[in-house]
Each structure stands twice: as C-alpha cells, then as structure tokens.
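Input: structures, listed below.
The following pair of complexes shares a single chain, chain A, combined with chain B in the former and chain C in the latter.
Moving on to the complex of A and B:
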C-alpha cells in the first residue's frame, strides 16, 4: 500500500493510503469487480441438471444492466452459470470456446463432458489465484453425458466440489437450506422448476442486487434448453405488512 | 482521509447511445473538468473510429483518447485487409479487448455505436472492467445516474430518427441540469445507411427545467420591460 503525504496549507500533514493495483515488482492484480451478477442456483433432477439465475448486472449498488445472460451452454454436454464480474465471465466463455473448438477439431467422435470442463475451469481459476490475479467469479457447471448427471462449483480462489445442489453468493445462505430440506433424486422437471422458483423468490425478496427477471436452463441427454426471460409474482399480502406500528408505536 | 476504493468511480460526463429504426443516435455533453475547474467547455466526446462507427467517451480523458487512437489504428488496418468497412461489432470488441486486458490501469466507460450493412444500427456498452453488452440504448458517465428513471419511462422500441434525436437531446439536457460534472452544449452524431450527420445544440435552444430561468442580457432589460416604457429623451 502506498502512502501519499498531503501537506495542508496550515502546515499540518495528512496521510492518504492508496491501494495500487500494480505492486512494486510490476505485476498486476485484480482488486475489485465492477459489473457483477448475483446468485446462481442449480440442482440435479430426474432427467438431468437444472440451473437458474436472474439477468441483472449490478454496478455497485445501481441495478445498471437488466438483460445479462448469466447462463450459457458449453459444447453439447454442459451449462455454465456465473456470478461475479461479468467481464471475467465473458473472458472465461472465450477460453471455453477455444477449448471446445480444439476438442471438435480432433474429430475423433469424443467430446468434452461436464466433468472435464469443470476440471479445466478449476485449473484456470486456481492458477490465476496463485498469481494474485483472480477471475472474480463463482461458477456453476452442470451437465449430462451418456446418462450421467454432473453438477459442480468453482470459486475465484479455486475451491471446487460436486454436489446434488449448489448455489453461489447469497444463494448459499438463502437457497441451500431450502434445497437441503426439499431436494430429492427423482424430482420431475415441473417439481424442479417449482423448487428453484421458491429459492429465486426468496432471493428476490432478500437480496438487494437481485432483479425480477430470470432464466432457467435445463440440460438432459437430449440437449440444452435456456428459457426466455420471465418474471415472478411477488406476495405482499401479509396482514402484518399493512400497519407495522400497530402493535407497538414506532416499531417497524 | 481514506478514499473509498470499493465504490464504482463516477465519471465527469453524460453520454448516450440510442438505436432507432434505421440507425443510431449518439449524444454527449461538452464539459471536461480537472477537479472543480472546467478545462474545456466545448469538448467533443463523440470520436470517430471509422466512417461508420463512432465512440462516446467518459472517464479519464487521456485513457479514452489513447484507446480510441489504438482502436482507430487497428480498424484502419482491418478495413484494408478485409476490403470493406468494419462492422460495429468488431469495433466494439477491439475496445473491449484493450479495456479488459488493461483493466487495472484504465478508467474509462464508453459507448460504441454505428451502422453496418449486416446488422444495421447497433449500440455496444463497454463500462469499467471491460464487460461488453449489446443494448437497444445505453447511457454512461456521471450524468447518467440521473437518467435511469427517465429512460425507463421514455424509451420506446422502433422510434424514428427525429424522435430518437429529440430523446437524446432532452436526456443530455436533463443530466446537465443536475450533474455538476456535465455541461456546455449537447453534441449529437447520427449514423445510418446514408452516412453521418453531426449536430450541435446550445443552451438557448434547449428547454428550461425546474428552477431554471429564461436567460437575459442584463437585469436592466427586465426592469425596463416591467415598468412602463420610458419616453425616449435626447
């Protein structure tokens, strides 16, 4: 951290502290994200894997962009959802584009499955972390290959794991408890959507950076489908909401 | 005094890009400030990249100028090699490339807009960090904070050229009214199949907003007008 000495007109010295993105040895590191996406939630269900995210790109506290697609398909077998810095997510998509292209160029009948893509992403994220220049994202990778369902997560420091249901950001705190209680191996598509929407609604109520515009994506052995953007109805009809100070004057 | 580094930097400008039925209209204010001083009150923030693609610059004047110069240079070579005009998408992606790869050193948010024969009029936003987003309209700079609500209400798909230009001028003028870092004149650049038209709107041609008054040459004119006309004397 650099310290800048500022001399006041009356002779007093003030010191300002400045965090430099370029350290003494000339290398760079990312300090903080600018345009960010909030939670992504995902889970396995009977026919495959299902992911959901809203379409918001926040700029600090401003809900600046409202049509950001944060779930994209990767090759034939995988879906990638991202929260965090959108420019880094766009760069990751370019890396994966190249990866899939080279995979296709082999023309050997094989194609990278979700497990391989997840591993590739883990290596990329961890190596960037070691250079103190992370890609500022939490990624959810879901897919199906030859009937095998796969769902994993990678964070910006390279932490990675697989599970039956995952969530990033606020979703970790708000969605996962719901999923832990209500997830089952044999959920139908309709039940899975309802369960995800239950989580999305809680996130909409309680996450300041969530917006009411969602996309749900599913992947099965047949292929990938990403839904059109849609909004959910919210409920405000609790009687207690009508007059919060009724019971105790001045309460909220 | 500790500077809050985690809040996004607001940038001294208002820039707008709007698509309409047939092309795009780009708009900006004309104030360049160094701290509290207005260094240039008639700057041109809408810079040419190619014959058919322009860029609205906000943030550090130096950073946005030098990036524009590099991108203009690359696009020039690209046009020669391609044998036809560059597309707006390519221009925007070159800006993104430089912004993203130098994200730690640059402080600029831009709007790239233009017309090409494949996609027609298109607008791309490249904010801090190097994200690229194609949008039907885009706003940027410190003055844009005052325009989110305005555009939420006033934006319509499929406007005519005149409607789009009027919207842009109104919006920049509203932002100038409230943002200290924006001011001067409203410049617009309209790009479509027929080419490029540049316009320039000075304060007197813009509507007056809340608590703004009709400008006069002198108080004396007002006093003269209100009292009964005095007989001329030699």
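Moving on to the complex of A and C:
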C-alpha cells in the first residue's frame, strides 16, 4: 500500500492510505473484498439441479445488507450462485447479460447451456487472475439442458471442476461432509430441499457471517424457480444451555 | 540483561528471558525444529447415563503421517478421560501431569476426583504459559455431581457444553453433531453418533485419519474401546493375499555353516552386586 503524505497549512502531516496498488505505469488491482456474501451450496437431484444461499452481504464484520440475491438465472438453462465480493458478482452478471444477448441475436434456435456458460466463466476468472486483478468470487453454476444435468464451480483463481454436489466458502468445511455422507442420485425435490436445509442450518449455527434468510433455487427442463426468502427454525432448548457453568464456576 | 538460571528464583509460569535471543536467531535464519502435531478430530458428547469421548488415531509431522495408530484419549482418573489435539508432546505432558496431581489429591482427600478439579488444574497451567503450551483438550467424566463435558483451549479458556469437537477436523465433526445431536441419547445411539462424527473427520479432513477410538464413561464404570472402528484397513491387490510356497523360486546352490563353531560359550560367574 502506498502512503501519500499531505501537508496541512499548520504543518501537521496527514497520511492517506491508498487502497489499490498503483505502480509506475498506472495499473490497479484488487487487494481484498469489501462487501462479501458467504457460502453457496448446490446439488443435483432427480429432476435437475438445486442451489441455496442466504441473503446477507457483510461489510467486514458488519451485517450491512440483508436482501442480497446471490442466485440469479442465466439464459434459459442455467443458475449462477456466487459468494465473495458482491460488486464483482454484479460485474459478472453484466458480462453474462452481454453474452446471452449476443447468443439470442443469432436467433438460430440454439442457446448457451450450462457447460458453455461454465467454460466462459472459467476463462474470464482465469484471465483476470493472470492480470493480478481477480474477480473475488467463488461461483456455482448449475443447469439442465436437453435432460442433461450439470453442476460446476469456478474459483477466483480460475480453478474449476464439476461434481454432484458443491459448496463454497465455509460450506466446504461444514456442508460438504454432510453431502458426501447423505447425497444420492435419485433424490426427490422434497428430499433434496430437506438435505439442503440440514446443511443450511449447520451453516447458520456455525458461520458467523450467515443470516437466517435463505433462498432456494431449482432448475429443471421446465425452467427456473427461485423461491421467496424464508427462515429456518433454530433450536436452542438444550437443558445444558440453561445454566452452563453450574458444575464449573468460572467457565462458560 | 537476562539473569543466570541459577540466580532466578523459581516463580513458575513462562519465563520470557530468552525471547530476545530467540528473535535474533530467527532473524539470522535459524529454523526451529517442527513439532509433531496431532492434526486431529476429537469429540465428546453427554448422553443420558454419562459422557462419550471419541478421537481419530493419526499423528502428523507436517505433511507426513508420523503415527498411524496413536492414542489420543488420555487417562486422567478412573472416572475422567481427556482427548488431546495440538502438539502431541504438550497434550501428553499436560494430561500426565494433571493425572498425577489428581492421584495425589485423591490420596489427600480420600474421595473420587471431580471433573472441575481436572478442569481448573489444566486451565491454570495453560493460562500461565500464555498459549505456548499448544494443547486443545476435550475433557469428560462422571463424578458425584453428575456427568460433565468441557473443552479447554491452549490459552486457558474453557467451555461447558453438551457436545463438543476440537482439532482440524472439528468442522466436519461439528456438522454431524449439529444436524443429529439430541438430548437423552442411549449408549448405543451415542457411540454411533460419536463414531459417525469421527469418521466424518477422518474422511473429510486431511489431518485426521486411520481408526476410531471411543471411551464411554458412566457412573462407576468406564469402557475404553480402543480401535472401535477400523474404516481404513490395509488392502492387498489379491484378495487371497500372498503365499510363496517352497519350489516357486529356483535354488541354484546351498551352503550351510553351523554358527556354534564360531561362537565360544563359556561358564562365567554372575556379576557381583
């Protein structure tokens, strides 16, 4: 970080810290994210793909925005969920808007499927990282085209892969173990939602930046449905929580 | 200037005398020896009759597995056991030390040890070393006041919880506990849940692995189930194993040398005291 020394009239020196790294030839790069979204979890189920994310946008340790939609649909066949810097997610949506627009203008009866969108996003993320100016996001791309289900992930450095169930951020540590143990190929929609809610509840308890306001989005051959925001029921009624240090004064 | 060791009165706690010299050595490029850590999954839960503790059995030294089947559930008292994560030497030493102190206390008082006694001894020792003793413990036991489960952190803070996980695999194990724990579990359900949580750590965390150890503590009775589950057995390509029968290898020549002629056996008087 460079420091600019600004001299005041009375001789006091005020130092301003610059948040971007501007070198001699004038380039800028992202150093850290500001407004961030926490985990996104997604998995394939019998009829398609299902994604879930909470609606929080944290500004450092403050919960600044509580109605951020972090799952959007892309074209006819894909859903995109993002964690990380919200402004970079909005920029990615603009790139994808342009991509889908040009695809529609061809008017050739063909439309970009989830695999193609995933590939495009991978190229974008990797190229930005090579210029040392990354888009600070972990993206989850899910979709169905011609009955083929697809679920993939792209990270901020361009790492990409495809799997039956994915999670970003904290979800990797808390939701992945549950999904690995309990995911099956032929889950119905209700079972899939139950499994996702199980993971979301653990994330709500144990991730400090998670909030109790979720959206679940599903995509099938018929189309996209993004649910209204809703809350999960939490349980705090353990008898051990009533008077925790009864047996051990001085601990909590 | 640092005083000589002979002059300094023994006050206990961490002595900061050598810190300046250590920092200077680090700046000059000296590398400290790496610790053997127990990158670990340890868990505990309270069930209807007492406490169940669980641990994996992998001890790591950086990226290498130093011990495939180590014991992470340490004995404190007949009714109190302690799982340890962090630096292996620290957890061993601190649990051994408090175990001896508890034994002496039992002789002095003539009563069964209480879990809060072990807890207070551990936390005051760890606090006085300001986090340099890298021991993160799950302490559980049943005494006259009932079942207790506590976590102890390297800096000396403690929590009293109905279910707890520590170590690098703690998030994977906590995911299982948070979704499946309820109060008033039976012994079989408790052991099953603890094993599931440890397996979640073993398969989803790189620092944990090998087998599952379980310890069930109830009023008046403790069961230490060493290697309760072995979910990572040594496997061989051939299911029948290998069997090399005589005759598979061609013998070119045979020469037998009796060793008795080379060694002299003499009768000597035993060493005098």
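Note that the second predicted complex is superposed on the first by the 230 of 252 C-alpha atoms of A that agree within 3 Å, B and C clash if a C-alpha of one lies under 4 Å from a C-alpha of the other, contacts with A are read in each partner's own complex, and residues count from 1 in each chain.
Following the convention adopted for this analysis, a residue touches a chain if its C-beta (ideal position, glycine included) is under 8 Å from a C-beta of that chain, and two chains touch if they have at least 3 such contacts.
All values reported here derive from a predicted model rather than from experimental measurement.
In the superposition on chain A, A:176 makes contact with chain C only, while chain B stays out of contact range. When the shared chain is aligned, chain B comes close enough to touch A:57, but chain C does not. After overlaying the two complexes on the shared chain, residue contacts for A:110 are found with neither chain B nor chain C.
In the superposition on chain A, A:240 contacts chain C only, with no contact to chain B. When the two structures are aligned on the shared chain, A:159 is found in touch with neither chain B nor chain C.
When the two complexes are overlaid on their common chain A, residue A:130 makes contact with neither chain B nor chain C. In the superposition on chain A, contact of A:205 is made with chain C only, not with chain B.
Touching chain A in their complex are the following residues of chain C: 46, 115-116, 119-120, 123, 145-146, 148, 150, 157-162, 171-172, 174-176, 178-179, 183, 196, 200, 203-204.
Across the interface of their complex, chain C is touched by residues 173-178, 180-181, 198-199, 201-202, 205-206, 238-241, 244-245, 247-252 of chain A. By the touch rule above, chain B contacts chain A in their complex via residues 1-3, 5-8, 96, 100, 103-105, 125, 127-133, 135, 145, 148. Residues 6, 14, 16-19, 21-22, 28-35, 57, 59-60, 62, 64-65, 67-68, 85-87, 90-91 of chain A are the ones that touch chain B when the two sit in their complex.
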